[in-house]
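Next up is a structure, given as structure tokens.
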Amino acid sequence: MAFALTLSELARWIDGDIVRGGLDLSLTGMASLSEASPGDVSFLGNEKYHGQFLETKASAVIVGRGVTDGPDSTALIAVDNPTLAFSVVVRHFAQAAAAFTPGVHPSAFVDPEAALDPATVRVHPGAVVMAGAKVGDGCEIGPNAVIGENAVLGRDCRVMANAIVRERCVLGDRVILQPGCVIGSDGYGYEFSDGRHVKIDQVGIVEIAADVEIGANTTIDRARFGRTVIGEGTKVDNLVQIAHNVVIGKHCLIVSQVGISGSTRIGDHVTLAGQVGVVGHVEICDRVTLAARTGVPSSITEPGIYAGRRAKPFKEDMKIQALIHRLPKLVERIKALEDKAAGETASP
Amino acid sequence: MAFALTLSELARWIDGDIVRGGLDLSLTGMASLSEASPGDVSFLGNEKYHGQFLETKASAVIVGRGVTDGPDSTALIAVDNPTLAFSVVVRHFAQAAAAFTPGVHPSAFVDPEAALDPATVRVHPGAVVMAGAKVGDGCEIGPNAVIGENAVLGRDCRVMANAIVRERCVLGDRVILQPGCVIGSDGYGYEFSDGRHVKIDQVGIVEIAADVEIGANTTIDRARFGRTVIGEGTKVDNLVQIAHNVVIGKHCLIVSQVGISGSTRIGDHVTLAGQVGVVGHVEICDRVTLAARTGVPSSITEPGIYAGRRAKPFKEDMKIQALIHRLPKLVERIKALEDKAAGETASP
Amino acid sequence: MAFALTLSELARWIDGDIVRGGLDLSLTGMASLSEASPGDVSFLGNEKYHGQFLETKASAVIVGRGVTDGPDSTALIAVDNPTLAFSVVVRHFAQAAAAFTPGVHPSAFVDPEAALDPATVRVHPGAVVMAGAKVGDGCEIGPNAVIGENAVLGRDCRVMANAIVRERCVLGDRVILQPGCVIGSDGYGYEFSDGRHVKIDQVGIVEIAADVEIGANTTIDRARFGRTVIGEGTKVDNLVQIAHNVVIGKHCLIVSQVGISGSTRIGDHVTLAGQVGVVGHVEICDRVTLAARTGVPSSITEPGIYAGRRAKPFKEDMKIQALIHRLPKLVERIKALEDKAAGETASP
């Protein structure tokens, strides 16, 4: 990695005190304590990793105030919060890795009728931007990504390799699309007529607000007409399915492999953990958390934590799960009662 | 959107009566009642939306016979079935949006040994059609889509952006592949030998019949040898996994995130709702419906509706689910019997 | 299919005896007994297919020693193990179909700063290889696939159509990436601050060891920092999600639609069947098998087979499932005890 730092520069940036090590020590990368090599910065953010700290090969470690041990050859910088301080280091090297150079690569295709400023936008090899698309300043369109006709991207969006924004869909500012995700596939809508399923045209769009991130190979269907909406600041993980006309609020977390069926509405600050499934045409209110794999067959109108094959309050589900596991003992107790009853009937 | 309509044209097309509004009113788009802007047509298909109707900003609304209220400035056309009539409008504007112009884009690559008539087929930027592929008249190959060697596409297929048809796979007429789906990936087959899994070559194909639609990022594996088959008119949603040598019948609905394991056979008019999982080497007969998330561990030989972690008739599963939720009360009843029995033993 | 074989060549290759048929019979393809056409070789590996054998249209069938019936016009070759012998045939025709010709297609883009020998590597149309990438000898980069900056591929890797290896990720020798899979998407990591989720940079990599295969549209996230690891010989099916910092051991089978959450560690020779879900930050020891759809909420420290919504030993789960299905009868038994108790209280 490029962008080497000296120990003194690093200490200044993170407002730390050099406990040990030369000011001019050059730091060229970062790693966890157990994976670090000479040249790397690491950090001790949790005392349970103290053993790894004692054996690290990192050239410098960011530690909490008062830590003074570790390998003699390893420089130490003390701060109040090593984890937070290390995030500054991460950001530094990450930016170094992803230096942004605007311009349209010759092997990309940008339709002459697209609106895109090559002085501020980077279009990678093989990417396609179709007629009528508007791409905001500072956007990066990854290799072999596709921006469809009349799609609109705000400023500073990152569309990664092979991601797709289909025609007329709209992205706000700073939206990140991980590789292979599909924005605006047709909704799954058919009418059954004469023994066949006849396709209902899906002519709406997907509208994604500012600061949303969409995971790799996730799919978001366009509305029948009108809009499928992902609210501001919501983060969607990989391989999630969001069906047509779904509306998701602000600052939600939608974890991997969740499926949300058509026309369902989800409030703000909602968390759906991995593999949750939600049926269509229901509502989930603000500040609901669904445990992994919860099934949601009907609307949820009270904030709280829910779980289970048919979502119920978390504690209630835990109780029922415990009882299920005690079923063998319950059967024994019934048997004992029956034996006793039979004895009473027989003996007297 | 292009293709403006006048109110009188619209009324004629949908066989409706103009209740209110000027014959020359120009309609340029469509939307739901709550989302419509001036220029849009909308419809009142269900009385529960009457409140939205009273406040709509649409320029014209298709209503049922007898409806005469709504905003004064909104034109009304009365028909027998507003929902059906509106589908004509949708089709009109959708076709306008997706006007088809044949030709191979200069940035696409069509192998000289592929059979494809550029006078009737549209190949979008960045698409790749490999040697020996045959692409039927009227097909559209989306941006960065890939048609593999010797693959065969019928007439009027739509292969959307980044969708993939691997070598030798066969598509019937009017097949639609949503973005990012993969037709013909290798089946998941290994032999375990000397502590290692050795790949078994997967040299069969996928064969997709006419009028099938495959969802975004869905994967369908090629057969070990022979064919994985999707029957005529079947509609597959997003992120579905269909393993090697599976055979699916005609006019089925396979909803999002379903997984079907290898060599399973599914009949005609079967519906698998979201996140269903079916093991390998079983059969599901015609006209079976599986509720969302049902697990299928063995063959199903009777038509009907099934549900549950291990599929059973829907009503039976409902009954068991209800009993599970009553477990805490059952435990209380057992406890009461025990107390009574203990009292009898102790007291007399 | 090309690479026709004569019956005598085939018999020699598989060390078989010609029971019936002319030495010069030309065989041009292969198929199962029921699907074979004239020109095809087939095999009878299991007596339950004997009925299909009697009606096959194959030109030649590989059979076990002693089999002499079947259609008169069908040649027979007898061997000790027909299934094994047939795999030789499969390999022959598969290689014929996939003849490898090195070279970079003119419509591909290989950055001048990438290290790649066009005399041994095949780069298909539309593929992109970014600056600093190293592609080992004998690799095949499929149509519209993307190899990111500074990614490293060992020898003889096959990266299929539209598959993506993001920057700095590392693949060992003979790794196979099925179409559309994503290696190195950002991990799903955010800090919650002032009511918003703030992205934590994900600057680590994915490291995939030798002889691994990754399924179509599967996603593997890069580490926060450090590495997400897939061990030697492990085979991952389609649509699997592997989160950041996960470490999977050697020779595992990870079946379709499995989800593994962040920082979880999985040992060697572990099998996760379809749709299994594993929470983050747990360990699964060597030689564990999880039945389809098992949920894993905590570490598993003993080898064995597990199942259930919350993983428990397979037999225990089976017992509890059986009891759940007997709940209606348990309720009847409790009711009978209650009636009897009521009668005793009432009658005496």
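In this document, chain identifiers A, B and C correspond to the written order of the chains, with residue numbering beginning at 1 in each.
Keep in mind that, in the parts below, a contact is a pair of C-beta atoms (placed from the backbone, for glycine too) under 8 Å apart; a residue touches a chain by one contact, two chains touch by 3 or more.
Since the structure is predicted, the reported quantities are computational estimates derived from the model, not experimental observations.
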* Shortest walk length in steps over touching chains, chain A through to chain C -> 1
* **Classification of the chain B:chain C interface as same or different, half of numbers criterion** => different
* Structure fact -> Note: chain C sits from chain B at a C-alpha centroid distance in Å of 25
* **chain C, residues touching no fewer than two other chains** => 107, 126, 144, 162, 180, 217, 239, 257, 275, 309, 324, 330, 334, 337, 341
* Report the residues of chain B in contact with chain A in the complex, numbered from low to high. => 30-32, 35, 87, 90-91, 93-94, 97-98, 105, 107, 124-126, 142-144, 160-162, 176, 178-180, 211, 213, 215-217, 233, 235, 237-239, 251, 253, 255-257, 269, 274-275, 292-293, 309, 321, 324-325, 327-328, 330-331, 334, 337-338, 341, 344
* Structure fact -> Residue positions on chain A within touch of chain B in the complex are 107, 109, 111, 126, 128, 130, 144, 146, 148, 162, 164, 166-168, 180, 182, 185-186, 188, 190, 195-197, 199-201, 203, 217, 219, 221, 225-227, 239, 241, 243, 257, 259, 261, 275, 277, 279, 295, 309-310, 312, 319-320, 323-324, 330, 333-334, 337, 340-341, 344
